[in-house]
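Each structure below is given as structure tokens.
Each of the two complexes below includes chain A, the first together with chain B, the second together with chain C.
After this line comes the complex of A and B, so read on.
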């Protein structure tokens, strides 16, 4: 037994191992300072009542979490984020996949399309928000609509469809979701296109020789081969859409009486508007846990699909 | 060779981690006023020429980001020598109680209170904590007002004339009649930046004071009068009536003030609710705009209309600053008559120095005339809880959107009020 311990000691103090530890120390220190410590500090704050300025923090235990569970506004914001995510998951990704599938063929000017489809994601969210605010603007000057959408509708004889898009709680969130999808589909497009290009062309030829039509090839060759890429795109879409914030703030300026609130705007409000840092931290931690939970579920589902 | 390069790179990396050392004499001032930055920079240069002391002016905008920066800097004990607190009096009090703000009372009282007397009382009140204040702050003056502001209504003379209106409305009913007249000629009635909730809150507060008076408003904040009181329902009804009469410009609930100002300056609406800073903004957007100022038309003729006003922007001095004395001297210089007159001329803002009023344009003089009607949450004895204010403002938005009735709004706000009162009791017990 003593001999066994000596072997372990020898291994631990082996010069190579010490050198290896030495090399990872900077990374561990940086990770600990910028990730581990803030995480535990956030958790500590979530157990306290604090206005962000006072030196004293009041310990409240799990009160912030209990209050959060009962906070209707918080869960409404979660639903709004989920709504944006669902539109992104369906329309945005479907559209991205169709376009990537089309650009993977021998199309004329396909490089041009690739560049055009990738423009929205490289634009700043603030810029996109302001452009769409102008497009959806409902105001008039001299009896004419100023916003591009309403102006166009009125000019082609559909003035009855002109609407106050961003100031109506019934349409505001959907508008945000559409703009978010418009901005985000380019990422999905690039990832799908990269995935499609890795599929061996011989598989397509073999399928064609076997008499498969376009739908058959898509169903039996393309989609099964694309499952890992689809899984990544889905998880990234969920994480990106659930945390949508800048676009909402640049398009709306506020939460429209809660109609366009999302978890991140709620967290910001708790910190800045009502100065409840402890509650904001509890919201942040809960939101993080929910995102991890959703991501894990989708990962499991996609693994299951891969196996099938 | 490799070792030398390695050591050099390490040194370069760690040198980046070192804090920047300012010249020990340089005063640092952080502000948020994009429209005044150029003039402040000019004045800082002039101050350096006169005294040899450099003042570094840093602009951080928009105000919401500035506020976040100030709070984060306070937490990290990295506040500059001079800064502003753009928040409620409660937050201001927290900064003072935690030692982030210098008490300037002794400086104001020097030389038979010369500095204090040179500034408008209303502007100083925002920075003053009186004896027995609810925040538990030692009585005194803790900030220096740079300019004076008030928020009231504006009317476009040309558009009113177009609708056959000869003079601005004096009562709320006259205002509604004017809205109808404007609608008949296809002109939008009223615009304001209510996408920034505090502006709608300000408008509501004006009418709350007019309808029920300050005492009852304060009693509500203390929790003695519920928001379901008929007077508060009347306040909510102001927004409901205006919505039903089609007074609001399209999209008012999401309109940030910058766009609202554009709408008024470009003559898309006949009335606006805005602060005196707008004089400069409108001048830049449309120098030929013909407009006048008016108090919001009262509902209750027996009570004067109170409007928000006082110090437009104030600076405080960092209590921990090693350059505290120099910082105070600079603020004294900045609020002296000559500099204030220069600021007023260049930025078209009301000066905080009473002796510098002679150099302001006529429209700004109109604003100045109503300073007696001003009040501000910073000078009230009590302030509403932030959670209740948030709900209150959201309910106003919902009324404007037509998704809630005034009665229901009152119930919703009262529910949050009771919840916060319970929380305050729990906090006290702890």
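After this line comes the complex of A and C, so read on.
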């Protein structure tokens, strides 16, 4: 009887293999066409010079990458993205952490704060960028500023500070970074708060009994327990901020070069303006490698902290 | 006496915490308030009336945006893309995740880790080859092209999330269904999908926001104004009406209202969904 059962099982299993594949075929087909093929095609294109229209692609080897190493605009854009990232890492995440720390107790209206802080993150970058462009607007009518920020500054006696925030190369990037942080801090807050709430309250009690003050508890109990969450937030902030670009486009218009260019706008510029598809792919690959490199370093650093 | 002082100190510190948190809330809400406030004014009043709440409220910008600005069409396009893409992602990813979790076939691990690896490797310029491919396939400026691209974007994360969920489920109910003569497809539909609803809710929320707010691919692939979603339309609108901020703010408000309403109705799931999505991604 047992043997008979096994034969039947085997038969069903053989027929099964083919029908089982049907379950993954839609996913695999879409994924192959729209992810895997473009992925490998990037590497092929990066070795060619091509304007996107001609049938012929000129093979140039690693020339695109060599040219990129000497491309001043490219490395300037990398610096701009890093500047935005640094502001997001410090101000945005510090602010998010302080807010989460303040919220991590029995507090009335806790849910209200959670809901409100998470509104900017759910808005699109286009919407956020356009709202802030209007607030930062520098136009004048009848000698008075129209934009909210400049108008307020001139009314409270700081009219010497009022100027064209987004046209001035000195302030444009900082404004973008601040708006980016405005959009992002609620997300950091939610992540940190979720992490804080997993910490066992008894640890706090024990520290308090031992005579630790608030700063001591924060330094010796909270922060060590939070290292895994902080590591995730830091890496995701870096990946997100380095690749931020729609916000910049919505605040600066179609001006893709200059003082606020970031790597993704450079890639788009190579593709749409100068029509160098191979060069654009070389930029994308280089940028991807840099991002992986940075994330690995931060992962290593956080692992080191975890051991201590 | 000691407890009395303690209470006072605690009361003061709680007040300060609330003041701090309230000012942060104001920072979040004020730009949105300013958007709505400006949208209710006209080009004539916006330069003169500087009060927080305008003296004369006008809805003319909304009518103008809705009718002349074609925002009715853009809103419909955004809804169409969001619903279609999310539906496709749920069906396709749950089929695949069910197979990866429950069924046996050669190469299972290979295919699964292929999806996982895709999430780990950032490729910032991937829209370049994608655009070339879409041109070759004549899918630029088609609804189906954009839907397929966006489906692919959400696929890996959804498969991983659902597979982890299916792995945690006990197969008792599935065995019962099998004894009752249910096929594999029947088990997926009748047992797998209903039980995976919490995970599916997360996937629906995460991907809905993703599609609704997407700009890069829409910008590259949809140049026909009849096919544009809201985000791209807003960006173009700003280019054309660069000075008419009240009208632009009305357009922005139209784009924001659905998101805010859905968010307020489902905020518990959204916050949970987006944080778990972020952790997985």
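Structure notes:
Quick note on the criterion: the second predicted complex is superposed on the first by the 268 of 308 C-alpha atoms of A that agree within 3 Å, B and C clash if a C-alpha of one lies under 4 Å from a C-alpha of the other, contacts with A are read in each partner's own complex, and residues count from 1 in each chain.
We adopt the following convention: a contact is a pair of C-beta atoms (placed from the backbone, for glycine too) under 8 Å apart; a residue touches a chain by one contact, two chains touch by 3 or more.
Quantities reported herein were computed from a predicted structural model and do not represent experimental measurements.
The superposed arrangement places chain B and chain C in clashing positions on chain A. Once chain A of one complex is fitted onto chain A of the other, the partner contacts of A:258 are limited to chain B, with no touch recorded for chain C. In the overlay built on the shared chain, the residue A:30 is in contact with chain C alone; chain B does not reach it. Using the contact criterion defined above for the overlaid structures, shared-chain residue A:52 touches chain B and also reaches chain C. After overlaying the two complexes on the shared chain, residue contacts for A:236 are found with chain C alone; chain B is out of touch.
In the superposition on chain A, contact is made by A:190 with chain C only, not with chain B.
More residues of chain A lie in contact with C than with the other chain of the pair chain B and chain C. When the shared chain is aligned, chain B comes close enough to touch A:275, but chain C does not.
Using the contact criterion defined above for the overlaid structures, shared-chain residue A:137 touches chain B and also reaches chain C.
Working note: chain C versus chain B after chain A overlay, options 27-35, 63-71, 135-143 or 171-179, clashing stretch identified as 135-143.
Chain A uses residues 52, 137, 139, 141, 253-254 to touch chain B in one structure and chain C in the other. By the touch rule above, chain C contacts chain A in their complex via residues 14, 17-18, 20-21, 24-25, 27-29, 31-32, 34-35, 38, 46-47, 50, 91-93, 95-96, 98-100, 103-106, 111, 114-115, 118, 121-126, 128-133, 148-149, 151-152, 155-156, 159, 184, 188, 209, 212-213, 215-216, 231, 234-235, 238-239, 242-243, 245, 248-249, 252, 255-256, 259-260, 263-264, 267, 270-271, 274-275, 278-279.
Interface residues of chain B, counted against chain A in their complex, comprise 64, 67-68, 71, 74-75, 91, 94-95, 97-98, 100, 186, 188, 195-197, 249-256, 263, 266, 268, 386-387, 390, 394-395, 397-398, 401, 403, 427, 430. The part of chain A that touches chain C in the complex is made up of residues 13, 16-17, 19-21, 23-24, 26-28, 30-31, 33-39, 41-42, 45, 52, 95, 99, 102-103, 105, 107, 109, 112-127, 130-135, 137, 139, 141-142, 144, 146, 148, 151, 182, 186-187, 190-191, 194, 232, 236, 239, 243, 245-246, 249-250, 253-254, 263-264, 267, 271, 277, 280-281, 283-285, 287-288, 291-292. The touching residues of chain A, when paired with chain B in their complex, are 49, 51-55, 58, 60, 137-141, 143, 164, 166-169, 172, 252-258, 269, 272-276.
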